[in-house]
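Should a chain be cited, it is by its letter among A, B, C, D and E, assigned in written order, with residues numbered from 1 in that chain.
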Amino acid sequence: MKRVGVFVCHCGTNISGTVDCAQVAEAAKDFPNVEYSIDYKYMCSEPGQEMIKKAIEEHKLNRIVVASCSPRMHEPTFQNCVERAGLNPYYVEMANIREHCSWVHPNEKEGATEKAIDLVRMAVAKAVRNQPLQKTTIPVTDRALVIGGGIAGIQAALDLANAGHVVDIVEREPSIGGKMAQIDKTFPTLDCSACILTPKMVDAAAHPNINLLTYSEIEKVDGFVGNFDVTIRQKARSIKMDVCTGCGICMEKCPVKVDSEFELGLAKRRAIYTPFPQAIPNKPVIDREHCTYFLRGKCGICSKLCPAGAVDYTQQDELLTRRYGAIIVATGFELFDYSVYGEYGYGKYPDVITGLQFERLINASGPTMGKLQRPSDKKEPKNIVIINCVGSRDEAKGKSYCSRTCCMYSAKHASLIRDKIKDSNVYVFYMDMRTPGKGYEEFYDRSREQYGTQYIRGRVSKIYPLNDKLIVRGEDTLLSQPVEVEADLVILATAMVAQPDADKLAQKIGIGYDKDNFYTEAHPKLAPVETHTQGVYLAGACQGPKDIPDSVAQASAAAAKACGLLSKPEILTEPIVTEVDEKTCAGCGTCLLICPYKAIDLKTLTERIAGEIVERKVATVNEGLCQGCGACTVACRSGSIYLKHYTDEQILAEVNALCL
Amino acid sequence: MKYAYYPGCSLSSTGIEYDMSTREIAKVLGIELWEIPEWNCCGASSAHLTDHLLALALPARNLAIAEEAGLDVAIPCAACYARSKATEVAVNESEEMKKTIQEVIERKYEGKSKARALLEIIGESVQGDHIKERIHILLTGLKAACYYGCLLVRPASTAFDDPEDPQSMDQLLHLFGAETVDWSYKTECCGASHETSAKPEIGISILQKIFIAAQNAGANCLVTACPLCMNNLDMRQIEVEKYFSTKYNLPVFYFTELVGLALGIEPSKLGLNKHFVDAMPLVQEVLNRKGGEQA
Amino acid sequence: MSVNEALDQKTPTENLENWQPKILVFACNWCTYAGADLTGLSRLQYPATVRILRVPCSGRVNPQFVIKAFQKGVDAVLVCGCHPGDCHYTTGNYFTRRRFLLMRRLMEYIGMEPERLQASWVSAAEAQKFQQLITEVTEQIRALGPNRKLRDVQWEQWNN
Amino acid sequence: MGTMEQLTLQLRETAREILESKKAAAVIGWEMGTFWYSTAPAILTRPEETERLVWNEYCLNNLAKYLLDFQNTDEKVAIFARGCDYRGINRLIQDKQIDRDKVLIIGLSCPGMKDDKKARELGQNADIPLAKKCEECTYPDALAYDLWVGEPKEAAKPAKAEAKVFPEVESLEQMTADDKYENFAANYEKCLRCYACRNVCPACSCRECIFGNSSKEWSAKANNLSENMFFALTRALHVAGRCIQCGECERICPVNIPIMLLNKKIIQDIDHLFGPYDAGLDPEDKMPLGSFEFTDPEEFM
Amino acid sequence: MSSVELTSLKAKHDAEIQKLTEQSGVDASKCYQCGKCSAGCPVAFAMDYPPRAIIRFLQLGLLDQALRSKTIWLCAGCHTCSVRCPKEVDIATVMETLRILAKKKGYIGDKNIDLFHNAFLKSVERNGRVYEAGLVLTRNLFGRQFFRDTGHGLPMVQKGKISMLPHSIKDNGEVKKIFENVRKRGGNV
């Protein structure tokens, strides 16, 4: 038997100044199931709440309607109140007769009172249909997964580890370090990238709370916040990690030479290799695609030479499944492949290089030991052209966004070139200079004033070879004249783009990504490191182009968010989620298409029909993932998926009540 | 394969050798060309620059006749091709435009008959092994700078080859034993597509760049697929040489002439003797190698 | 009962001069409901013709609710939610948009005046927009008069 | 192309072969009905039964929905399919009601069926017009199939997807609001709520329809005009973006309600608002109401 | 250098520029003035304004300046600009549309060019094709240039490249009808 109590609040005169509260309370007495109805000055006050509690006891009320201010204001107050009186908090329903009534209709007293009565009638109709709901708790596994071992991933892992949480870093390359390890100097301070990165790499490797899983990839992510079950593929390294001493003899003697990924094709590496000398872990892997032993079954030199006997050709990929409470995605970026630019030679001209290749060319530990020479004939270039916005701000090439770091790194390159080659000329073709960072504009100023970089406002239309030069043709749009530079070397400031498989990873984890495959934050301003999937956070350039300071800052922010989650043994979940009526669900899967959280899945139901065991598919909701929007319920034709607390029945009851 | 053939005005006059060589090689390659009866001028840039509808309607009549015969149209001239393609695209993109054009030309054109560049058609017809048997002479010794011009592969949305670095002509010539050079003026405008020659100094300096680039790339001839380019590159070459007191000596060929040569067709039947920059010495050179290099 | 008879029967008995329309507003919890709260906090006035029904997301609003509302005697229905891109649940309002683009055209097609089913994006900050919206819709519906179409006379008789 | 008599023989031959070789446990086709102008769906399981199969100008039934009879079996079922059956089959596949690999589609090219009601009126010797749904058909042939009966041919498909326009919908749109409503009401005043339209519809495959399920709030007990309209509009919304335009609902309606007028309106609107879409061509495609674009129009917002 | 008063300009030409946008199907506001078009233009060196500046004129409402420029007449229509534009602005089409409009307004940037087109089209209308010797040499031999280029003329005839005899196609006046129909629809032919 439903016994409803109605409590009409005056809110001082805020409500009663316009609405005849006594009349409302009186009218409510006639509504179906209403056993008790009263008005009072301040319902939210201590005596007001006492009044409710007492009425519940005295009149055996089991549904409560409070007509007062907005539920966004005091719903929790009254929920707590009835809970203290021994009722389920979801038995409370509120009628907003202040913000939605008295305050907006001060000159329509009669109309406002009539409206308040309607609103209470609606609330009563709904309250009668409210079901008890329980907040449930989910245990939280105190272990974090960081995907990606670049600077963002390392920073996030260190912060979490220092806060006392165990962290696994999964990195698909043989070493952590990421793109920052390839960079020579960093703007705007020009300090050496390796000098500030490698200590952090060492810290991460040595930290008792951090486990490195290099040469590993994410295979599968199941579960939900606090309880992600992640399957990690540890690729066969062909090296026994616990035996290898990292002496490097194997790498010296390996007969196979292939382009080094780390040196971006500017140098060779062996088939057994570490990507770079300061790699962590500093133990090699065998590249099975190129290793003679794996290709032809012969060779085995590394195995023969290894003093520790660490080479193991029989190693297999291993799958490892672990449970994590939180995931930080820090998978970084890739560089735009400029070979789609026919007008820049489709990547055919050896002396047209990318900014990152330039970093290797000018790096003291790079293929030329830091001597700047052009790839084709090893000559020292005198006239160097840098072209900004290659692959960014270019809709025709599919990327409309500004890559955010190129203006600055081009200014850095220009300065570094002039540092190395005093009699060189550097021309930077730019469209707009974007230097919104601390000390950035000053850095750009120095590249012009101190280093004499020539800035030309215009996009280059064509590069073509003439003898041993590259003719670079552009317009100086400030002069309104076509200009040409006879360049020895052209550096393209290519854009940062999402990892080529970013979408696939996002689908595995269940997070969103934008048209450019960068991961989508939960809110661009107020939740910039969260994702729409609770417990998954973003750090670094996987969310959008970012420079090092921004990546590090975001990594620490993501770590702080993850700490907040991991520091509690369990979390409460909102019980307003959807549920499936398996009897009527036809398993058509339309709801799956609608859910933004991938909270719905199909499962197989086995049942007995006319004596026969049959199987059929029905939808099932993961309550840990469902956020209770209810969009799926509308898509369900048979009404087989419903949102608790906002069922069709409840909403229609309100509609009916409004018309009575 | 059978195609409706649209030679266009140039091919019955300045570009006559293009017409001759096209018809000759088509015979050998088994391509049946049915000349569109009483075809009209495509309107060229004159119509294009005067009235949008006129520019679409003039080629539409030719396409309509071809459509009636159920044939796609083979078009040698890059300019005629560009105009006709524009019509085909416009009709297919908009029902309204289709209706308007049909009303203007007072014929039915549904956009089914496609405008196709001769280069593309020939390129397709030589695919497969059968062509090997047809080759009489390998064009060894030719170092061709393939000059596609600006209209053949633009706009990019409807182009049959890459607008910055097209390959179809290069591949075609490779098949017949010629070398082609990698150069970056393949699709730079020669200035002929429009009346820039009303200001000769403009045309001259554009042409000069093309000749220099071809020379620098090591080419000993230019090859084109457009009678307007041909006119400009061939006839004006001497003029440019005079103007800059230099000598390029780059014979200019239609790709069809070279294909014809390789197929063993007599040079005069291909119109090779009709060039301004004497092409015969180079042709002779190739022919003389015939003994040693016969396919 | 013929159609015309049915229509006649549905003529409300109230005096039309004092008649006030009954407008149902579906408001999403995160934007429009909060926007309506702000309208109150800002003391912006609008006619007492609307009844706001709170839903978590405009994506929860089933077009069938609209038909039911008309059946039961509502004069107009407004569906409100977050602006595209601002949905608390990321994508809910994009589905709302598709559903109600079709629904609105369908209702117009069967003879419902388009003013009687409207949709609008109102953010938590757009108090003024909410005020104007309600004022305008009320004016439009007052001009149209009570809704008779789709009404379920039987239900009304049984329940009153 | 052979005559329909010849094709009937081929149909039987094909069906027999399938059943004999056990490629499928049953074959769904058509057999003669009570009258010369009627046929009925036939579900055959034994080779000798295949002699009952016919393929004539009155094979009006869409067969797709009969596949649901085999929902709980593991056996493969063969089904004859023209364009409309084919689209119906895809509808059921997309709605996960049947597995593609449990269906053996035998493709047919349809010349268009004749109007059985007219046939009854005019008699056997008269020139009988095409059924309305066939007159408007844009996909007469199965677009993909496992077997094909008849002359091999490339399936006829509309050349380019364009937003559809239905003249009868357009003319209705021109009417005044009150006339529209009167027209709508007059149509649904007649509705008996027999649910034949639902039962025959390949897009209606719920285990339990909300109409007739008393545990759900939607279905009112009353059978009055208002509730009839609710039923009509709800059904139109439920098949929105999913209707394959087979026209079976309208054909089957015992009181001749022009049901397709609602469905076509929605189809036309979907085409114009979200881009041309024909349901049931590809079970993998994005359903208009199961997806969205950021750039969808905002005409009413 | 006088300053440009932008406020009134916009209002004055907004409608016309809007129409231009519709006709050409090209939205000049997409352009961010990078100059890639002008840098790649084979005739930019001869122009009074680079193509980029023409687009800029349209953005600001300086329609007259665009219409009176030589640039629109010098454009060779090679579409290099359009192919390379990072914002997918079809500059070549803008040039064409401007030229047609300029002609309608009687702004003829280059008399010779205009005369040539008129004569060319007249020939097409009359004969269905272009045959006259002066036109056969497509542009090279036209008008005053004819004499300058007589050096080529004679060999042309000798090489059998020019027929001196004009003749018409037997099209039952279809081509003439096309011109007429275009005129009926307001075509500026």
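Following the convention adopted for this analysis, a residue touches a chain if its C-beta (ideal position, glycine included) is under 8 Å from a C-beta of that chain, and two chains touch if they have at least 3 such contacts.
Since the structure is predicted, the reported quantities are computational estimates derived from the model, not experimental observations.
Colleague: What chains touch chain A and also chain B?
Modeller: Per touch definition, common to chain A and chain B: E.
Colleague: Any chance you could name the chains that touch chain B and chain C both?
Modeller: A
Colleague: So which chain ends up in the middle if you average the CA atoms?
Modeller: Centroid comparison flags A as closest.
Colleague: Which chain pair racks up the highest number of C-beta contacts?
Modeller: B-E
Colleague: List the centre-to-centre spacing of chain C and chain D in whole Å, with centres computed as mean CA coordinates.
Modeller: 35
Colleague: Can you give the whole-Å distance between the Cα centres of chain D and chain E?
Modeller: Taking the average C-alpha coordinate of chain D and of chain E, the gap between them is 55 Å.
Colleague: From the C-alpha centre of chain A to that of chain D, how far is it in Å?
Modeller: 45
Colleague: Give me the residue numbers in chain C that touch at least two other chains, ranges are fine.
Modeller: Within chain C, the residues that touch at least two other chains are 63, 68, 91, 95, 99.
Colleague: Got the chain B residues that touch at least 2 other chains?
Modeller: Each of 163-164 in chain B touches at least two other chains.
Colleague: Any chance you could list the residues of chain A touching two or more other chains?
Modeller: 343, 462, 594, 635, 648, 652
Colleague: What chain pairs are in touch here?
Modeller: Result for touching pairs of chains: A-B, A-C, A-D, A-E, B-E, C-D.
Colleague: Any idea which chain A residues touch chain D in the complex?
Modeller: Touch residues, chain A against chain D: 583-590, 593-594, 602, 609, 612, 614, 616-617, 635, 637-640, 648-649, 652.
Colleague: Across the complex, what residues on chain A touch chain C?
Modeller: Touch list, chain A to chain C: 70-73, 96, 98-101, 103-108, 111-112, 114-115, 118-119, 122, 512, 532, 576, 594, 596, 627-631, 633-635, 643, 646, 648, 651-652, 654-656, 658-660.
Colleague: Enumerate the contact residues on chain D facing chain A in the complex.
Modeller: Touching chain A: residues 71-72, 95-97, 205-210, 213, 216-218, 238, 287, 289-291 of chain D.
Colleague: Once bound in the complex, which stretches of chain B touch chain A?
Modeller: Chain B reaches chain A through residues 162-165, 182, 184-185, 213, 216.
Colleague: Which of the residues in chain C come into contact with chain A in the complex?
Modeller: 20, 22, 24, 29, 33-34, 36-37, 39-41, 43-49, 51-57, 59-63, 65, 68-69, 72-74, 88-92, 95, 99, 131, 156, 159-160
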